[in-house]
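Pasting the structures in now, so scroll down.
In the two complexes that follow, chain A is the common piece, with chain B as its partner first and chain C second.
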Partner chain A sequence: MTAAATLKAGIGAALAAPVVWLASIVNVPLKFWQRATGTGGMAAFFLAPNMAIFGIFVLVPMIINFFYSATSGTAYFLQDRTYVGLEQYQRLLDCGNYLDTATCHEDLFWKAVHNTGLFVVVQVALMTVVSMATALILNREIVGRSFWRAVFFFPVLLSPVVTGLIWRWILQRQGLLNLIVHDLGGEPHNWLTDRFWAFTAAVSVSVWAHMGFYTLILLAGLQAIPRDLYEAAEMDGTKPARVFWRITLPLLMPNLLVVIVLALIRAVQIFDEVYVLTGGGPGTSTLYITQYIYEIGFASLLRNPGLASAASILMGLVLVVLTLVQLQVGRRGERKGARE
Partner chain B sequence: MNKTRTLLAALSVSLLASTSAFAGDVRIMWYSDGVEGDVIQDILNRFMKDNPDIHVTLDNVAYKVIQEQLPIQLEAGQGPDIARVTNIKELAQHWLDLRPLVADPKYWEDNFADRLDWMRPDGSNAIPGFMTQLTLTGGFANKTLFEQAGVPLPGDKATWDDWVKAAAEVAKSQQLPAAFAIDRSGHRISGPNVSFGANYIGPDGMPAKVDDGTKAFVGKLVDWTAKGLMLKDTWVSAAGSTYRAAADDFINAQIPFYYSGSWQVANLSTKIGDSFDWVATGSPCAIAGCSGVKGGAALVAIKYTKNPKDVAKVMDYLAREDVVKEFSERTLFLPAHKGVVDKGGLKWVSADKNVGPALDKFVKAAGETLPAADALPPWKWANAYFAALVTRVSQVMAGELSLDDAWGRIDQDIADKVAEAK
Partner chain C sequence: MSGVMTFLTRRRGGRGWHWTDIVSWLWLLGGVVIMFGPAVWLVGSSFKTPAQLAEFPPTIMPYVSQHARVEGYDKPLTLYRVKLPDGSTKVLAEVRRIGIVAQMVDPQAPNDIVKVNIADRQPVREIGFATENYTEPFVHFDFLRYLRNSVFVTAMATLITLLTNSMAAFALSKYKFRGRDLTMLVIVGTLMVPLSVILVPLYSVVGAVGLLDSLWGVILPTVATPTGVFLLRQYMLTIPDELLDAARMDNASEWQIYWRIVLPLAAPALAVLAIFSVVWRWNDFLWPLVVLSRKELYTLQVGLNTYAGQLNVQWHYILAMTVVTMIPVVLVFVFLQRYITSGIAGTGLK
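Take a look at the complex of A and B:
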């Protein structure tokens, strides 16, 4: 053994020593635990820290939130609040016609629900199509493929607030876009005070900000499809469109479902970048449920934590239902695929 | 062994230092509109030099933190020892009564009596703090733009219609995006509403339904926005009661007339420099008068402090007449100290020739506010009214609601908030 190798081994042993020492200490109670509880007990032991963190930071706040939704008042401590049962839910659901927000007591909540519904449909569809198209292109042998993959993933690394601010500077009345329009001889437009353009900007910016993540999932799925299937199709002279519909899409379906479910959940929760970009305006045309909850619970001059909690629980229920539906569809797809 | 003990002791001390306040430690949560953060730090440095046993830490935070995070900290029985706040009345239950702690309660009563009701629960005689500045809503005009357009500045008793008409001529002549803007704030439109005869407070002290005064001005405002005379961005490009200032549009000479308030003087002076001349105009007139709304920021002691005596010492120092005078002169804020106001002779620290006349104009305009406006700062439900106005009026401007529907919604929003708070 050379001197360098000896030194390397020595350093390795020195670094490992504290770990070995720690392991020898932990080993005694672990052995005892395994003997007493078997392998099932060991699984519980290793899961316990994670479950404790999940319980403290997710489950307990959820339960507390539920209690808040059954109280009223502006105080934050539960003991200072008045129990009102389902009154907050009744207030939120008090509506003559759910399709006409003007007939609802909490018309802003229903505005937010309608806006979120439209946003989810348009954004998830656009996100899926754009991510799929990008993944298909990046899966091909193009020049600078790694560079382009990094370029499309880069916005995912940005903070949503930074994303919102960048696009606000571009789209505001005295922003970059209007400067370009003006220099080209066009008439500058107030994009963020126009309902259609504000909505379009909200959808486009959120797609731009998150598509890199979904593209990556689809890219992984595309690379897992066996090459020989494409070679066989090519030998048979199958047209590219048919190859896409009959090979790529069915085999990509599990990844696609993951993308749709994740995009759907993310879209229902949309808040930060749109809040910074449009502030929910013009009027309330980009006011989404999470912003409504935030405003009512925290930002309003007179806060209403009970109403905000009730709204968040209703939103949570919608998310649970959507996820279950998506999973059900996914399982059916998998079973059908297995039968074929 | 000794070394280990020393290390453990040092560790314990540093842990304690990071989690609890020592006697002599005072934390102030502070926000700045202009240069007041630097000025107060300078004053506090002098205080600490004179009082070496007290260490004051000034936490400069964004205004949003004061508005959104401080109330939650206070509800949890935590927070700083002293805070600079604008939400003075609604959080009054969290302020410390300094009466038994300050050196001379009579001095506080004599000099701050007028405003103490703004910051204490109804019926209380507590001394929670003092106003670091008085503010008054009012207008600013870009004098240079008016001169370039050849349009004379409307006079002292000019109405809102006069100002909008003149500003529209300037905007047209100078090809500006709009004639004027008002900050997106219920507080800001309340002066004009009162000038048009509005009164938010019912005979029982509870919120009254939206009256003809409010309807008259808000109707005009919506109309001016639809015609492109008022800058649409400020009000329309947000939902809810979010605050938006239009100061940057005035600073960038995009609007010839801007309705905001006296606290903007330092901001305008710093950012405009000598780019153009500007003047404070006071509040335009209407059928009932030419009223703005008073307000301001208060420095209050928090009752959850662990060092009330030290807090009182700091507050006593900052409330001293000479300190208040210096603070006002250097920050260009209107003082709320009776002694300072009565003696007059404030020497505003600014080389900007626009500043002195602007502040003098606000001092003069402070005498023209109407009783219905003066009743708003200490009124518990003012914020409920302001929030409902902003939310619904901006919806009307965006074309989502009719004015008639908006009145009903405003009344309902306020009633809901009153019911929730009871």
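Take a look at the complex of A and C:
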């Protein structure tokens, strides 16, 4: 870590001089402000920049999103749009049979909903199993644990665009995967133009990209389990499988639930890496809700911001429910921890 | 060697090998291949020439064809190893190719043209790196501009995030005022409202304040991160209030207390947030994609996606640019990965 420490010290020293000078200049008017308004005014001063940005770019959009979803037209400014009440929602939800997208008025939306549903179920299941297995292995008495942990964490830092391009390059016709298939005597394949394989790729690539994050949370949970429990079990001659089901899994449950809910929340919003990887194709087979919102809101010729905003509110509702579940789960975990 | 093996295979408690040990090691070694392999393959491919990228089966290492100057020809000619009708092989240079027949000359005897079926020859190659994949995008594309835009956005957003988030965290952890808990609740509550949910109205708000198609329109909406405020506040709560009171006794102003006492003490948390912020902003894709429509303002991620989405993808440039885009994150990984993993394990936030 010495290299990073020297680097930090060097950058710090270089940046410090003008910043310190600026800070001392700021101090003068602030002293007057403090004398005039007291600590209450100072609290307001410290909060102001963050809350102003937060208010303008988070709270205001959140509120006017509801107005957007009640208007129609292609204009982006609210005053140029016509009020249509709940028409956009009716249009989105107008479906003869929710399981058959062809009977829906807005069939693209329902395709995206179906695709996202399937994606979420498969991806979260795979993500949980893979990161759980990795965390259990990393929790064993292995040489160089922090190195191995870092290995699985590496893709988490990559940008979704880079991740998407790396895998597009591997899965293309003359790519690495076809080289391996070819060497094993198989037939090279156009992976990303096949519905099944494009879906499989979307799921696997997103698991590849994010499993390190969940592994980390699970590993932290595993390491918090008291060692003496295992030692006692060993003295009693308990079988490893029984130790897992009776000690490890119950004590890890709070972390595991957090991981599942977090993975659910992320999977519902999946966009970047899959968009770069498949562009939603072939056809609409990997089109997910966020891409639908983006395309209807901005990119497509038939753009309809009101419809996109109504769809985003429906997705937001799902996310709010999932987050409330997460908070509930977290609280139960805490209470359980307190009892033990 | 056997000493190393006994060290690696030694297990605590002196137990022997179990099948689960073998599975574990296979999993870990497979993990190295699957996690690093794709990135390594990308870097290797990025040094290949366009002709080589179109080959199947692809080679593991990048190769460069050999050329030779032959008397009587202006340009260097490509060398091939040719199988002659009498069964011997010879290195010849290609003059021109018509259909499946190539006209070739012996570099030693440049006057006699030999006609060769292209099935009977192999290019002479040795391992070499097509570094022009890296240098040409700087000239032909707006790559340098994208790089500059990305650096500007990342640096500015991180600085503003650190300043505004730490000021807010200071107020929320060290002052008692009406509505403090409500403010905190609102901030943390918005964690559940991701960008994709407010995409359309945010676009119009940014348009209303005149920041569409500007880098500040990319920067400002992202800087008031709830994660940052939360992380810093939790850390500042551990700084004892007595320290602040002692400074007030010495006539320090509130700004000085924030600047001279709380900020330096919160340095570890600030460092974690800075690393997070750099990675977040460098990697941002959806929001810059929506807000930037003028090409010269694109960030690296948006520019890369645009070039990769063209009908005729120039993979040799795309791969090289992808590697450059990856470099800062790889540096963070190599030097600062420990801070991030401890940050995540501590707060459960990303």
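Of note:
We adopt the following convention: the second predicted complex is superposed on the first by the 262 of 340 C-alpha atoms of A that agree within 3 Å, B and C clash if a C-alpha of one lies under 4 Å from a C-alpha of the other, contacts with A are read in each partner's own complex, and residues count from 1 in each chain.
Just so we're on the same page, a residue touches a chain if its C-beta (ideal position, glycine included) is under 8 Å from a C-beta of that chain, and two chains touch if they have at least 3 such contacts.
Please read these numbers as outputs of a predicted model, since none were measured by experiment.
By the touch criterion defined above, A:279 lies against chain B and chain C together after alignment on the C-alpha atoms of chain A.
Of the two partner chains, chain B is the only one that A:190 touches; chain C does not reach it. After overlaying the two complexes on the shared chain, residue contacts for A:77 are found with chain B and with chain C alike. Look at A:298: by the touch rule set out above, it reaches both chain B and chain C.
By the touch criterion stated above, A:102 is placed in contact with chain B alone, chain C being left untouched. Between chain B and chain C, the partner in contact with more residues of chain A is C. By the touch criterion defined above, A:170 reaches chain C but does not reach chain B. On chain A, the surface touched by chain B in one complex and the surface touched by chain C in the other have residues 76-77, 173-174, 279, 298 in common. Partner chain B is touched in their complex by these residues of chain A: 72-77, 102, 105, 107-108, 172-174, 190, 192-193, 195, 198, 278-287, 291, 295, 298-304, 306-307.
Touching chain A in their complex are the following residues of chain C: 8, 11-12, 20, 23-24, 27-28, 31-32, 34-36, 38-39, 41-42, 45, 53-58, 163-165, 167-168, 170-172, 175, 177, 183, 186-187, 190-194, 196-209, 220-221, 223-224, 229, 253-256, 258-259, 271, 279, 282-283, 285-286, 289-290, 301, 304-305, 308-309, 315, 318-319, 322, 325-326, 329-330, 332-333, 335-338, 340-341, 344-345, 348, 350. Across the interface of their complex, chain C is touched by residues 1, 3-4, 7-8, 23, 26-27, 30-31, 34, 39-40, 42-44, 46-47, 49-51, 53-54, 56-62, 64-65, 68, 76-78, 133-134, 137, 140-143, 146, 148-162, 165-170, 173-176, 178-179, 182-183, 188, 208, 212-213, 216-217, 219-220, 240, 258, 262, 265, 269, 271-272, 276, 279, 289-290, 293-294, 297-298, 305, 308-309, 312-313, 315-316, 319-320, 323 of chain A.
Only residues 67-68, 71-72, 75-76, 87, 90, 177, 232-233, 236-242, 244, 252, 254, 383-384, 386-387, 391, 394-395, 397-400, 405, 409, 412, 417, 420-421 of chain B touch chain A when the two sit together in their complex.
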